[in-house]
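Notes for the one structure printed next.
A, B, C, D and E are the chain letters, set down in written order, and residue numbers restart from 1 in every chain.
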Amino acid sequence: MVVANPILYVALPLLVAFLLPLFGKIHKELIRVVPGLLFMFLIFNTVVLFSEVTSTGKPIITQIAGWAPPIGINLVFSAFSGFIAGIISIMGLLVWVYSYKFKKVEFDNSLKYFVLIMLVTAGSIGVVLTGDIFNLFVFLEIVALSSYPLVAFYRGRDGAEASFKYLIVGAFASIAILLGIVLIYSQLGTLNMAEISLRIGEMPEKIKITAFILLFLGFGIEAEMFPLNGWAPDAYSQAPGPVGAVFASMTAKAGIYTIIRLVFTLFDIDAGYQLLLGMGIITLVVSEGIALRQEKLKRMLAFSSLGQMGLLMIAFGINTKAAVVAGMFILFNHAVIKSLLFFSGSYLVYNSENKNIKDLFGFGKKLPLTAFLFGLGAFAIVGLPPLSGFWAKLSLLMASADSNLIALIALILIVSVVEIVYYFRVVNGLYFKKYTGEFEPHKPSWNASLVMLILAAVIVTVGLYPDLIYNYFVNAADALMDKANYIQNVLPSNFVGLN
Amino acid sequence: MSNLVIILAIFGWAILTYLAFKINKTLGNVFVGVLALALPAYFFTYTPSDYTVSVMGMSLQFGFTSFASLFAMLVVVLSSFALLYSIPYMNKKDRLGWFYMNFMFSVGGMMGILMSKDLVSLFIFWEIMTWSSYLIVIYQGKKVNKVGLKYMIFSAIGAYAMLMAIVLINKWSGNVNIEQFFASFPNYSSAAKLLSSLLLLTGFGVKSALMPLHVWAPGAYTKSPMSYTAVFSGALSKMGIYGMALVAVNLYVHSNMPIMGEVIAWAGAITAVLATFWAIFQNDIRKLLAYSSIGQLGYIAVGLGIGTELSVFAGLYLAILHGLFKGVLWMVVGAIEHRTGKTDFRDISGLIKKMPFTFFVALVAIIALAGMPPLSGFVGKWMLYESMITSNHFIMVLFIFLSSTAAFLYCFHFLYGLFLGQQEDEFLKDVKEVPVLMMIPMGLISLSLIAFGTFPGLIFKPIAQAMSTLGFENVTWRMSSLTNAWGNSMFLKPANFMFMAVFVFFLIIITVVNHKKTKKVGTKDIANGGEPIRDEDNLHYSVDIYRPFYRVISPIMKYKVETFYKRISKGIEEFFQFFRRIYSGNGQTYALYVVIFLTALLILSSTIF
Amino acid sequence: MDIGRFLLTSITTTALAFVVGMFYAGFRRKITARVQNRVGPPVYQNFIDVVKLWSKKSNITHGVMQHLAPLWQIATSITTLMFIPILVDSTFFVNLTFKGDLIFLLYLMVVGSLGMALGAGEGGNPNSAIGVTRGLTQMIGFEIPWVMALVALMIQHQTTTIVGLMDVQQASGTWLMFSSPFAFLAALLAMPGMFRYSPFDIVGAPAELASGPISEFGGKYLGTLMTNGSIFAFVKLVLYVDIFMGGATNLVLLVVKTFVLYMFPVLWGLVSPRFRTEQSVRFFWGWPLFFGLLGILQAAFL
Amino acid sequence: MVNDKESRKIVDIIQDFARKSSLFVLAYGTGCGAIEIPPTMTSRYDAERFGIRGAATPRQADVLLITGYLATKSLKRVIRAYEQMQNPKYIIGFGSCTINGGMYWDSYNTINRLDMYMPVDVYINGCMPRPEAVIAGFAKLQKLIQAGKADGWERYQNNLEFYRKNQKKIIHNWVMPDYNW
Amino acid sequence: MEQELLDLLVEHFQDRIAGSVKSDKRVEIFTSTSAIEDVLMYAKNVLGYIHLVHFSCVDWIEENEFELMYAIFSPKSKITIMSKVRVDRENPVAPNIDYIWRHANTFEREIREMFGIEFTGLIAEKEMILEDWIEMPPMRRDFDTAEYAKKTFFDRPGREDAQDVRETIIKRTGEELPEFSKKYSR
């Protein structure tokens, strides 16, 4: 098909983002309508490309400006990256529908808001699709730069502070990534990931490791790895409700994608997997433990989100096919369920000043649908069957069992109990604590309800019939694990054969 | 029709019922009634067939073993009765659709557990059962916050232990099929044997409320509506027993690990004694029954743990029976709560005057519970004792005997405190006998208890068939006093007839002699030193009535498992409170972390990579 | 067994139990009187009491359960009696014994108490309920050493029937009270509790509790209860004799053995004050329990 | 009905013999005379050899002993206890206070003549009557029973209005349940 | 010592009390209904008279007054103070002191029933000793108990009542009474 092209993922949102003020001049409503159309188109794009990838079994590789890799910049739409790109674009559409009418996302601000959202989307998808490490850096910077204002969107003191923290840490990330890229480029003279991957053995050991560490640090910050994730809880909790979902489903995905690429494709350091696994475990335990002690809903969700990132790192760190499949499943789940939790949670604490958990006590009767959906999300994320979270957890556990990581299984399950404790504290509070009467519940608008219902439907459907989507995970895992295939596809000419 | 379809039909029906209640209460009740009647009708007429679903590369198999269908029988009977009972019982409450939906979900979950031939689908249905029962526990919404959370946490601990076992078994056995797991179990390394079976036991032990894991049970049984608790305590807890029987018998008996069997049996014995002691000192009916349930499940665990043919037989028999009589007792409590709105011994007395039918069914159930000879409960106790004595568990005999003797205390408390004693006119004024729809389930189950007492063969045959799944072929009771012709040459029939004959003989005499001058007087007319009792005086003695016994055993009763768990949870929270300080909220600190992390990685790089 | 023969046997046994039990109760009163330096009532006094109670011209009951309670008790006692071998290898007194399962009897013996407890409870008299709770609490006390003794015998001889134990004694020629002395001691010390004689008579203490559970029973109901009491006392004595004293080969021997055994709780009771409930439970869980444990150890390891 | 000597059957005679030989005394000490009961019952005088023994509750008792003065306050309880006893039942008035008020003849709170309130079968004179006298009283009662003449309970039943009137003269606040056998 | 105590009391309460030393270890004071609470509180809390030995009432019908007598005792000095209060017989009202000594409640209830004296603020059930009493409080001296008994209870005919036992004995035996017993004769 002519219309569908990976490049559109990046080009269109950027274009629309810059043109959006002009649309606004034509008609004010267009500011809010156009992004939606864009996201719809992106989804259409994904569907077309994905069907192509599935039918041919090969990734689609687009070269920008006609230069072939390794010289030119290229976008690789494989089963793996395409899947993540698909998730991001679908989530983008849902975020758009949800924020169509959200607090303070009214006419004046909507322009800024949607421009930023589109930039984040473009950047995230760019990160996922790009085959060029410097481009990856650029896209990551786009994501970061558009995230800073989103965090501070409400112009409050706390928001500004959170944004500033993000900025500081993000600056470290940029520096570290840039340094890593410079090291690689200085040694190998190329920025193409396939090329780097092919020739990584040529690098001196010391420099290779230094570059790895620098990149790991930089990407780790974006992937919210402990202890580099200090910015995340503040950013999640200070940003507007839907932006939390954006972070969980887009930014974090981009971050984890970079780490996966780093460990799986770019370098051949085996200890990298173990490092990822170890960092994942620490992140998981610390974040879930801290979430247990949170009094504010959004912070709790943020820490829970960090914990999920830890789980993802564990899944990919185990480095077996089953584990990667489980990782893909968790990634999908995290995007869907955490978005649902953020969406419903932000309506539950809509009017509350401090977003405290005790402010939403008794909302189960006031906002039955929202509370129910939040409960469903909580049920799903702690892995109760027949919701989708269960299958992800089960596959991860089975994968770790296959790798003989019995202690890890126990750890994950213990952490899951902790997760149950704090999620059910909220759910119980929703239904069985007395309504304080301090805060008026705010009914979600129809579009928000629609989004939440769609997400809930996805959770339930996938939970009831995981095979619906399971094959995509398997394909994605195949695509990720098969490094040689990746290199061969990107660099057909230079392929010399790697085992 | 395949098995899976039934379960899906139940789930679908649950949602339909929810919608029906949205439209109209009567329509919803019709839906409930239809399921209650259709479930047993369908279950007892169809022929099971196996069915396989493939999910995520695992093949999930469904089908009935004869062992599972024994429990399924209990589940079907009890839940259809409980559903019928619910219709009048829940009539005045709101959010009925929600209640019935979850009720049916948990019934479906239980059926699913029994139909699963592999561990993953068992786990799935297990969790469905768990959360649907959790939703019912918190459904009434009064002071349930902690209870619900406790239930959920303990269920989660159990479920996750089970999940861990499942993934390990998947690794060690190559798949999750239950039969193949048992087949390959002897090949496991000893650590693997121990780990997998302990984890499974923890999982099943939580639901069957074995002693260190019972903490959730009193609250959860108490807080859910009584019509559901009948199923909860009667059938749902038997799912734990079901699993435990599978594990204990298949693994320990046939894999030569008697020590684990001993662990289960002792856990059961201690549970039986301590829970019974706790039940004695309760002043709330529901709490009393909850602890009694825990204690009764202890007997069953003893039977399964000892693992001889007879003891397993006794365990299964008691399991089925406990489902029946505890079902009745919870329904009785529900009836009382329905008619009086009270559940505390302080507020209730003399109900026999207004609710004689309820008293009668309670009496039958209590006799069965206490294990007294005319009724069926005794047979189970008898088998249990004989099996314990023949397998040389003589200290355990004392534990069980202590527990079952102590059980008389709360049995009497239950009957006396509620139905007998002083009849307060003020209290009894508005009390009526329960509606017919509530009478039918209670009456039928009580009848079955009487029937099983005289003709235990009725229930022995299915159990003997079920035992073949567990590896006991051609089960017969080869004990001293009995032959193996089920129910035909046992003591009980002559005993019952003898008892009835003497009883009737004396009944005639005592009723006829001086009949005209035998007067019935009210309970206010009692011999208490000649002092006439005024209407406002309440001499009903039913609160803290076992104080002397408490003084005797107070050294044991001082220690509570709850305290232990509280300390643990507090410790964990404080531990993470420490971690929380890492997120100081200061950007500089975060930057410092980044630098430290980088430095550390660089320094350690030579060792790591 | 044809029905006529069965009826004859069971009626004879019941009558025997009734008469012997009544006379024993009379002897108890007589002995008590002699010990207290009194003349005492005639030994047939209890018959007169029962006749008098049955010839009362009015009776009251508080409801169905109270009406049924004495029947329940007496039906249980007679049923129990039917399952106990009265004589060794008797062709006449066979009743329903089969082999006389001990566990079955243990349970059967408490059924009557429950019926009585319910009947007493329906009377609405708080004294009755207090008495019942005390009785049940005491029951926990004495059942434990008693069961320990039985368990010791059962595991030693690998049988759960009375006939089995009697056969053991016939075969070895030694009574079990000599070959298993600790078990016998435990059972013996539990005996006064079972009879509810002093010092374990807090259940029906006349002064404190107005005779406890039976305080609302009068007339024919009390008469039935007294009849039951004598039958049940005989049942318990025969059970002890069968288990520990090798049974009896003829009626005279049976009466002698049971009478000697009966003297133990009676004479102990005469010289004892009254224990409080918790004191009696503590007593039973003291030395009797210790003897029971010794008995089990002996059975298991010797 | 049992008064008539001719109509008495053998059953009645046996029953009366049983009643006579087994007298359960309600062990309520209503007045100071109760102190004479312990010596009567214990080893010195041993009333049990005549079949006389204590009963703890009115339901089981045959004989109600009014041991001495009867305060108006106790009268209520005594009546209640008497009405709770099962027929046939007997009352023994014990000491001169029950006969004519004794030394409390002018007290505002003790009754003077017991037989105006309750049907007394046998009076035992004395202040206090010694155990010998008590046993003699019992013997007299036994004789009456054997002869079928101890019919106080019938008198009470037949003349209930008379007794009630007298009782209510003292007990103004009549809260007792109705006569119920 | 007794005098010191009396002086102390008089000094403290000035003219509200008057009193005298009756004998060894015994002090009598007279006070009024308005002052009695203060006196008792003072005696209990300051002087250490912590024990209310007795509390009774005397009917001075000739003076148309009731006299309430509170006997309080100190275990240290071993002195009993008898504080006496007169209340009007027509309208007998006295202060309630059961907050000072809990057991005074029982005395007060008895006095209320037997003499008909009201204690302000006494919270207790009406009936303690006399049940169903509808007549004049019986311990008042104008209540004729013999007449009441004659009216209420039934005299047995033939009983010779209201006789001096000693005279009967003299009549019956002809003995002379000893001298000491004569002074008690009616």
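Methods note: contacts are C-beta pairs under 8 Å (C-beta built on N, C-alpha and C of every residue); 3 or more make two chains touch, one makes a residue touch a chain.
Keep in mind that this is a model prediction, so the values were computed, not measured.
Participant: Going by the stated contact rule, which chains contact subunit A and subunit B alike?
Facilitator: Both subunit A and subunit B are touched by no common chain, going by the contact rule given at the top.
Participant: Please report the smallest number of touch steps linking subunit B to subunit D.
Facilitator: Minimum number of steps from subunit B to subunit D: 1.
Participant: Skim through the chains and flag the pair connected by the most C-beta pairs in contact.
Facilitator: So the pair of chains linked by the most contacts is B-C.
Participant: Just curious, how far off is subunit E from subunit A if you go by their C-alpha centres, in Å?
Facilitator: Using C-alpha averages as centres, the distance is 95 Å.
Participant: Taking the mean of the CA coordinates per chain, how far is subunit C from subunit E in Å?
Facilitator: 60
Participant: What is the distance in Å between the mean C-alpha positions of subunit B and subunit C?
Facilitator: The answer is 36 Å.
Participant: Do you know which subunit D residues sit against two or more other chains?
Facilitator: 57-59, 76, 84, 87, 180-181
Participant: Name the touching chain pairs, would you?
Facilitator: A-B, B-C, B-D, C-D, D-E
Participant: Where on subunit B is subunit A touching in the complex?
Facilitator: Within the complex, subunit B touches subunit A at residues 54-57, 120, 123-125, 127-128, 130-131, 138, 141, 144-145, 148-149, 152-153, 156-157, 160-161, 163-164, 167-168, 170-171, 195, 572-573, 575-577, 579-580, 582-583, 585, 587-591, 593-598, 601-602, 605, 608-609.
Participant: Provide the residue numbers of subunit D that touch subunit B in the complex, in ascending order.
Facilitator: By the definition above, subunit D touches subunit B via 28, 57-59, 76-81, 84, 87, 175-177, 180-181.
Participant: Name, in rising order, each residue of subunit E that touches subunit D in their complex.
Facilitator: Its residues touching subunit D are 129-132, 134-135, 138, 143, 145-146, 148-150, 152-156, 159, 161.
Participant: So in the complex, which bits of subunit A are touching subunit B?
Facilitator: Touch residues, subunit A against subunit B: 161, 164-165, 168-169, 172, 176, 209-210, 212-214, 216-217, 220-221, 227-228, 230-231, 233-234, 269, 271, 274-275, 286, 289-290, 292-293, 379, 382, 384-386, 390-391, 393-395, 397-398, 400-402, 404, 406, 409-410, 413-414, 416-418, 420-421, 424-425, 428-429, 431-433, 465-467, 470.
Participant: Mind listing the subunit B positions that touch subunit C in their complex?
Facilitator: Against subunit C, subunit B makes touches at 350, 352-353, 356, 363, 367, 370-374, 378, 381-382, 385-386, 389-390, 392, 394-395, 397-398, 401-402, 405-406, 408-409, 411-412, 415-416, 420-423, 479-481, 491, 494-495, 498-500, 502-503, 506-507, 510-511, 513-514, 517-529, 539-542, 545-546, 548-549, 551-552.
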